[in-house]
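So, here come the structures, one by one.
First subunit A sits with subunit B, and in the next complex the same chain sits with subunit C.
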Partner chain A sequence: MLTITTQQENGHDILLLKGEVDASNSVILDEAITKAVNDGSNSILVDGAGLEYISSAGLGVFMSYLEDFQEQEINLKIYSLSDRVYEVFKILGLDQLMKIYPDKITALNS
Partner chain B sequence: MNHQLKISCQTTALSELRVFLKKTLAKLQLTDIDQLQITLAVEEVCANLIIHSHQCNALDYIQLKVKQHPGKLIFEISDKGKAFNMLDYEVPDLDKVKGEKRKGGLGIILVKKIMDEIEFESSKGTNTCRLIKWFHS
Partner chain C sequence: MIKLPPIHIGKLSLLLAILVWLAMLFVNLVRLVGILNQIDSGFAIEFSWVLQILFFLTVYGFYNYSITKNSQSDFLNLIWRGASTGLFAVAVYVIMDLFISSLGDSKLSRDPFLATFFYHIRFGLLTIFLVSTSLLWQHLILYQKTKQVVKQWQAFEIAMLVGMFLVFFGGKDTEYPFFFGMALLGILAVILSTNLKWIPYLTFKEKWKSLLFLAIIISTVCFFLWYTFSVEKDRIYPVNLTWNLFLISLFWFVLVYAVLSFLVTLFNLPTSSVFEQKLTEAINFQRLSQSIQPEENEEQVLDILMDSCMSAAYADAAWLEMNSEDFPEGLTQERFIDGDMREEISDLINDQKSVQAWASEKRPENISPITLRLHHPKFESVLLVPLVINKIVIGKIVLCKEVRDGFNKEMLNIISTFARQACIAVENHRLLNQAILHERYQEELKIAQRVQKSLLPTKLDHNQSFDICAYSNAADEVGGDYYDTYMLDEDRYVLIIGDVSGKGTSAAFHMSQMKGIFQSLIQLNISPSDFMIKANAAVSKCLERNHFITASIFIINTAQQTICHSRAGHVPTLFHQVNEHKSAYLEIDGLGLGILRNMQYKNHVVEKTFTYKPGDVLVLFTDGIVEAKNDTSDQFGYDRIKTLLDLYHDLNPQEIQSKIIDSLHNFVGGERLIDDDYSMMVVKFSQSTIQI
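After this line comes the complex of A and B, so read on.
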């Protein structure tokens, strides 16, 4: 079960993830990011505090945007991941490819 | 310890798989991180089978057996679909995955990094993928 709540805050689009991302629902994450981009966002923040689990389907969604976001200068930042979920990003080396921060304040100030 | 689960070949069954593994692994002295990673590796193999070998046909099934041996856990995943031996699959480079903007290809990297041994066999129409995780009890 995954729910994504979108908030706008001082020019940032914040996606609050709650639950688990797997192959059955990663499309929800994909659509939420695409929607933010289509709405003209150039700063997407993903709040991972409520993210309990993510499989390669979800990680693949983030990966698929990295190249385009770099070209279009769209900022994608993730913050507040639990240790166990952050470890999964680390196994794949995504901690080196993506902007991941311990909390919202650090993410906003970076 | 010997536990088994049969799931239907649809991606919505993956949450059922996680509930089963959570319950099964809870009896062992695993860290939170190990528990999540083992669950993830088993799920990645099952998700691949469901999507690529069975095209999400809910009438097909995957069988999972979890066996505890001294110092190791064995996850045996069997199906009757098109055989896919991940040992023959060349793991893509992460930069390549990023460059091609594709969403797949990461699951097998995870399985290979998380598990200590992977075995595959196909006999009389049944494919079995065995994932082995060593641990210190």
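After this line comes the complex of A and C, so read on.
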């Protein structure tokens, strides 16, 4: 189960993830990010506080935007990940490529 | 040994009957001579009776055999057989009388021998007619027999048999036993004659024919009665053959059954069309309920349904409309109506309020056929029959009649049954097709599974310096986990374990690509980090943008007892060192293959070389093991694997592997399935290498 709530805050699009991202629902995450980009956002914040689990398919979604966002200068930041979920990003090496922060304040200030 | 020729019962009994008849003729002629010359012929009267009974029995035997043999349950044939026998017998009677009368007043015409001879012929014919006809009646009576009827018939036969022998016990015509026997047989015959179940199965035309044949039989019987008991009453023969209980009872039985059949058939004539209609409906129903073969199509069922509905309702015209979802081309079948007329009536129907309510019914399974009155010059009433499959209306049949209020309740009942049955047949057909398709996919998946199994090595390369085992299990039929080994030279071995993102068929394809990449690149004798860089470049060309592969590679050098390791985003490998008395995960940075698809990737690859000691253990695995969850959503996790290895590192690789997998299954719970692919490879370095 995955629910995504979208918020607008000072020019940032915030996606609040709740539940688990796996192969069956990674499309929802993909659509949410695509929608934010199409709406002209250049700063997307992903709040991972409610994220309990992310599978390789979910990681694939973030991964697929890496190069595009670099070219288009869109900021994608993830924050408030639980230890367990952060571990998954770290093992894959995504922590070296993505901007991952411990909480919202550090994410905004960086 | 002499082989007996097969006994032909029919021929044998026929031959016996003729012989008995000739013997009887001879005996009675001799007796006539005795009477005329007033001397004792030497034959007791009982002798004639015995021959007579024998004659009855042999004729019965012959016909019983021949009718049973030729019994096709064609009632008309049976009745015609009786009628033709009767006609033949009557013709012989008439010819004999004509012959006598043509002789005029000559001496021959009054010759007692000739008269006796003719009398015997008449007796023979009469017996043949009565016995054969009653056996035909037996067939008709026992049509759709019940146990009770069979018992009644057996009782009748036994009574008849007893009746034959009554003559020996003073069964004179005027005595009490004779009348008692006659009354009994007469009542039995009437009871049996009420079994007329065959009549309704005749068609209208067949009924007329059977009426004719029955009329012939009745008149024949009357003729024989008149001749036997009126014409011949005054004639005197040496022995009275006809006036006995058996023949009189047969007369009665044949006549009663013929008359009853005639009357019942006559009264059944007007209703026979109804019965035929019901029979057709039953047959139609059967045709509809037979499930359609997969290669046939639904239209054939709908075709039968149209015919059945039209004939059940005596409809003058009809058409079938299917909803566009199932039949994009808009299937319509028209019967006795053209397109223009159909649209004209369609519009008239759709204008009616009751139809609009009917069409917008929310629960299609509740829709039943409705009848409507129309103001149309040709058709004055219509019936709409919905076709509902799986709670969805797939179409409707419209039946039109030229008379007003042409559809009654019985028609509605039978038609809705037809429609339901046809819908079930169509639904079954669809389900069957789906099942077949599904089965084919399953078969394909099994092949894929077999092919994928063959991609994993069955023999793992190693030398005496280390022992190795591996295990892999896919969540679906096929999976994305990969492990492999390669021998670079006598001392150097490569191990790889990998995991493709996602699972199932797509992952399986990528896994086979990974195998190709590994087997090609590793032959270049490159370092682990170079391998990862080249593999990343290759994977980037093969995978869709949101897919990646994680891998861990190890080059073991058994001569130097070193391991060179690189990790591309794969879950860390567990290493147990005997000297340290503990297990630890190999910490090394690395990025999954296919994540960064440009030259920058090489900045993220690290290579590390370390030494091992005999007794050390390496446990390689995929994230399916770490992320396996139990009922309370806890993950199996890294720590559990580590604790297990600390406990069991003394065992051999197979034992370590099964300890970990058993523990994993216990953790997850017996009933729960692990919903990801999981694999592991265990390497244990041998103690013996110290001596080398």
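Methods note: the second predicted complex is superposed on the first by the 110 of 110 C-alpha atoms of A that agree within 3 Å, B and C clash if a C-alpha of one lies under 4 Å from a C-alpha of the other, contacts with A are read in each partner's own complex, and residues count from 1 in each chain.
The criterion applied here is as follows: contacts are C-beta pairs under 8 Å (C-beta built on N, C-alpha and C of every residue); 3 or more make two chains touch, one makes a residue touch a chain.
Just so we're clear, the structure is a prediction, and the values are computed from it rather than from any experiment.
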| item | value |
| --- | --- |
| Touching partner for A:Leu66 - first (subunit B), second (subunit C), both, neither | both |
| Touching partner for A:Ser56 - first (subunit B), second (subunit C), both, neither | both |
| First, second, both or neither for A:Ser24, with subunit B first and subunit C second | first |
| Per-residue touch tally on subunit A - higher for subunit B or for subunit C | B |
| First (subunit B), second (subunit C), both or neither touched by A:Arg84 | both |
| Which superposed partner A:Leu92 touches (first subunit B, second subunit C, both, neither) | both |
| First (subunit B), second (subunit C), both or neither touched by A:Ile105 | neither |
| Subunit B and subunit C footprints on subunit A, overlapping residues | 23, 30, 53, 55-57, 59-61, 63-64, 66-67, 84, 91-93, 97 |
| Subunit A residues touching subunit C - in the complex, by the definition given at the top | 23, 30, 52-53, 55-57, 59-61, 63-64, 66-67, 84, 91-94, 96-97 |
| Touching residues on subunit B, where the partner in the complex is subunit A | 10-12, 14-15, 18, 32-33, 36-37, 39-40, 43-44, 47, 50-51, 94, 97-99, 101-107, 109-110, 113-114 |
| Footprint of subunit A on subunit C - complex, ascending | 499-504, 545-548, 550, 568-572, 589-592, 595-598, 604, 623, 627, 633, 635, 676 |
| Touching residues on subunit A, where the partner in the complex is subunit B | 1, 20, 22-24, 26, 30, 53, 55-57, 59-61, 63-68, 83-85, 87-88, 91-93, 97 |
